[in-house]
Amino acid sequence: MLYYFKRVVSDILSNKFLNSITIATIALCILVVGVFALFFENACRIIQSGEQGGKMMVYLGPEFNINMLPQLKFKINALGETEKIIFISKQDALKQLKKDLASRSSFIDSLKDNPLPDALRVIMKKNVNKLETIKDLAVKIKKIPMVEDVEYGERWLGRFLSIFSLFKMTGYAISSLFFMIALFITANTIRLSFYARRQEVEIMRLVGATDKFIITPFYIEGLLQGIAGGIAGLGILFLFFLFLSSGVEKNIPLYMLFNIKFLSIKYSVIIIACSAFLGWLGCYLSLKQFLKY
Amino acid sequence: MSIIKDKNSIIRMFNVSKRFGKHYALKNITIDIQAGEFIFITGASGAGKSTLMKLLYLAERTSEGQILVDGMNLARISSSRVPYLRRKFGVIFQDFKLIPRKTVYENVALVLEAANEKPGIIKEKVLKILETTGMGKKINVLPPSLSGGEQQRVAVARALVGDPAIILADEPTCSLDSDSAQTILDFLLEYHSRGTTVLIATHNLQIISNTVNGRCISLVEGALTGAAKLL
Amino acid sequence: MLYYFKRVVSDILSNKFLNSITIATIALCILVVGVFALFFENACRIIQSGEQGGKMMVYLGPEFNINMLPQLKFKINALGETEKIIFISKQDALKQLKKDLASRSSFIDSLKDNPLPDALRVIMKKNVNKLETIKDLAVKIKKIPMVEDVEYGERWLGRFLSIFSLFKMTGYAISSLFFMIALFITANTIRLSFYARRQEVEIMRLVGATDKFIITPFYIEGLLQGIAGGIAGLGILFLFFLFLSSGVEKNIPLYMLFNIKFLSIKYSVIIIACSAFLGWLGCYLSLKQFLKY
Amino acid sequence: MSIIKDKNSIIRMFNVSKRFGKHYALKNITIDIQAGEFIFITGASGAGKSTLMKLLYLAERTSEGQILVDGMNLARISSSRVPYLRRKFGVIFQDFKLIPRKTVYENVALVLEAANEKPGIIKEKVLKILETTGMGKKINVLPPSLSGGEQQRVAVARALVGDPAIILADEPTCSLDSDSAQTILDFLLEYHSRGTTVLIATHNLQIISNTVNGRCISLVEGALTGAAKLL
């Protein structure tokens, strides 16, 4: 093994050109996958942060009184993953309505009675973002006595969530497609670099080297190239990210809110591992062609 | 003559032909070479000398006929055994076939490394053989920086370093001045005297006439000429 | 010229392996750019079709009567690019309110007077999607006599449009980045294929060929490879698109609404032209290195 | 001896040295070659024969000294003029330097195409010279499928097809049997009789002794030996 590493080092040194080209290509491929992952992750996060999970309004019947509130809250909490429950008394609701109507609010004063019901605003946890879950919860809440009606913007929410899931699905499809493309491109590049060295391989075979003896250093090289390429690709991605995010923050200070984030360390490690795998698999695919007897 | 293994035969070709497209490079060759023989293969340019050697170390496959090398039938050998067959041969290729991006030392050492020789022994053997062929001062040079004759001497060193059972030398001295050529030839004779089978393809008649105990196989357009057939 | 084409043909035939690898690489690069462009174009279109340009509600004062409507519409039309103006009488508005409040609507019947104003829903053309333009229009409309108030969801719209423009900006940045990456990868591949042929180039120079004589076929080959790669890339993209869109339409029939579209012919031609340019530029960048004296 | 152009000198080297790293491949070479001369360059392997030729067609640049070829000072020639200089030479490279992916015909035709010769004339000349060197039957073969001697004959054909003013032949017959070698040598002599300057690097003393009107330049470790210096 040590011997193979020695050979790999001398190989890399004597084929600097081929190696640097291969590493550069892997780095660029990783960059493509990385840029897309970054873009996609952040887009998802921004869209979701604009939405903050599901929301619903629970309208209460006239039999409700404020003492029942803790019990009611407890019941609702028991039904699903709620983030927050806010009580809006009918008085508050009327005040809000008056404010909303502004100049046209005079008629409110003419009302004998407050026509509005007491209500609860239920905000669900962020991960609750499937239409069905929200619907389920709404149905369950509606069954609680005292609850008169539940409103959760069924149509709008449904549409939003479907678009979002379409977006996500496409994003995943594209990510895997990009990964496949990265693989093909890497394999092609490695194939070309073998092609440039085919004479050398042929000579080794003629002087009695086994396939294993010939192949092993290539695999190790592929792995190392993959790792080097992955690190380089992530490095460029990080520079690109710094550049872009500083630009965004300067020009659109509003969006400091959605602070754009770099890929997490876990993600980065995965990408480098994928990249190493890429180098290895690229070797595997290319070598098959060159070692036909 | 039968195809059954003879105790002393190291190479037996039986009715071997090699066709490239429609052109026969070798026609109906039947030869029996004893272990330890010193053989010259002669013939005009394009007569099939190199092709005959290529068939032996399986760089090309025969079109017809059978070849036995040290008892192995080359037509039946599995591809994973081919490297081991090739290690029996030390080949001086006509076009040298040095790896341009490896140094002279690495090129020669490669043969021993491929055969899993121990590092210490590799170093010793390689340096010794390069010294003998007169390339001891250029061990760290890359082949493209060598003169034609120097490349040929490296090719000779590589062929001999593994102490092969059979040496196939395809025009081993054509790029060399007569002094260097004689050194190489003496060296081959030394191996021969230790029992190595040596085949030299050449059209340098001077070499042949200087070597008393050699047998001569002549090819004309891929066929053996009368003299050799009788053997 | 004809002579060069002959040489190019014989070159391509005698270097099938190198050519096919280069073309495959260009095709894959174009595929990356194409997939992203397709994804991005459709995402923009879907987001925008969900939005249909800006919208605003114009509330009219009590002095308005139905006969003034055509004149008012005309005035508003004159102020900006409106797509549609819909009149909502106060009676209609009240009915809608009653519906919306459902079980809690009884108080409406107790009203002496309809407290709601007449209103116009103004829908702007799709291309009007800048916050400033909409704001401008709102201010201008508010100045028309009879108009009491204009509402256009300032905060929400502002936020949406900023996110959208951020999305677009990033998309363009990424597209150009991908194009650059495609260029580098192509150049790398071509460089490797020259590397595999450097001996041939060296020999031609030694027998007295001028640089022009050596280079010209390479450039023509690069162009042809670029075009072939572009066409192949678009072809794969189209297959991918067919596959994806049929899948989407089956699983999420809702989204037939946003029928996903392939790149327009104009766009495709541009991509093939870019691809040809890619091949040419790849040659240019790589040849410089190999023809140093 | 001065560096000023002599009416009849086609090649003049003045105190030329070539260094690779610290090693001098050529040391202080001063030669004057008249147009139409027939010159042998001899010397042991590694003496600097090939390097001397490489300096002439600018495959390598001199480290010291001046070279004039047909009145042009090679040190001052602009890189765009180099191809035109090279067309004056027909070079038979020691390692042949055939393009492996072009056929024999294409390899030879390349020289004329690069010189913008008319297609009709190219075809005629190429076929004729391949016929003369005995390769007329292999015009559509790729070089790796040729025997060593066949490759060398193609290399000879390519060097001569452009009717160069100077022929540089680096071991032009080393891979050939004596008959083929004699054919090539006769062919070079024919060019010589038409006024072409011919330089042959070789260590085949037989060729030299067979050629009466040749001048011999001997190199020993990069330096001219006494005999040649006197000229």
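Order of writing sets the labels: A, B, C and D. Residues in every chain begin at 1.
Rule of thumb we're sticking to: a contact is a pair of C-beta atoms (placed from the backbone, for glycine too) under 8 Å apart; a residue touches a chain by one contact, two chains touch by 3 or more.
This one's a predicted model, so the numbers in the text were calculated from it and none came from an experiment.
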| item | value |
| --- | --- |
| Shortest walk length in steps over touching chains, chain A through to chain D | 2 |
| Required minimum of steps from chain B to chain C, each step between chains that touch | 2 |
| Centroid-based (C-alpha) most distant chain relative to chain A | D |
| Between chain B and chain A, distance of the C-alpha-averaged centres to the nearest whole Å | 63 |
| Averaged-CA centre spacing for the pair chain D and chain B, given as whole angstrom | 31 |
| Where chain A and chain C are represented by their mean Cα positions, the distance between them in whole Å | 22 |
| Overall pattern in which the protein chains touch one another (line/ring/star/complete/other) | ring |
| Chains that touch, pairwise | A-B, A-C, B-D, C-D |
| Residues on chain B engaged by chain A in the complex (per definition of touch) | 57, 59, 79-80, 82-84, 86-87, 89, 91, 93, 97-102, 106, 110-111, 113-115, 119, 158, 162 |
| Partner chain D, residues of chain C touching it in the complex | 3, 7, 10, 14-15, 199-200, 203-211, 213, 293 |
| Sites on chain A touched by chain C in the complex | 17-18, 21, 24-25, 28-29, 31-32, 35-36, 39, 43, 46, 50, 59, 101-104, 106-108, 110-113, 115-117, 148-149, 159, 162-163, 165-167, 169-171, 173-174, 177-178, 181, 184-185, 188-189, 191-193, 195-196, 240, 244, 248, 252, 254-255, 258 |
| Residues on chain D engaged by chain B in the complex (per definition of touch) | 20, 43-46, 49-51, 94-95, 145, 147-150, 152-153, 170-171, 174-180, 203, 205 |
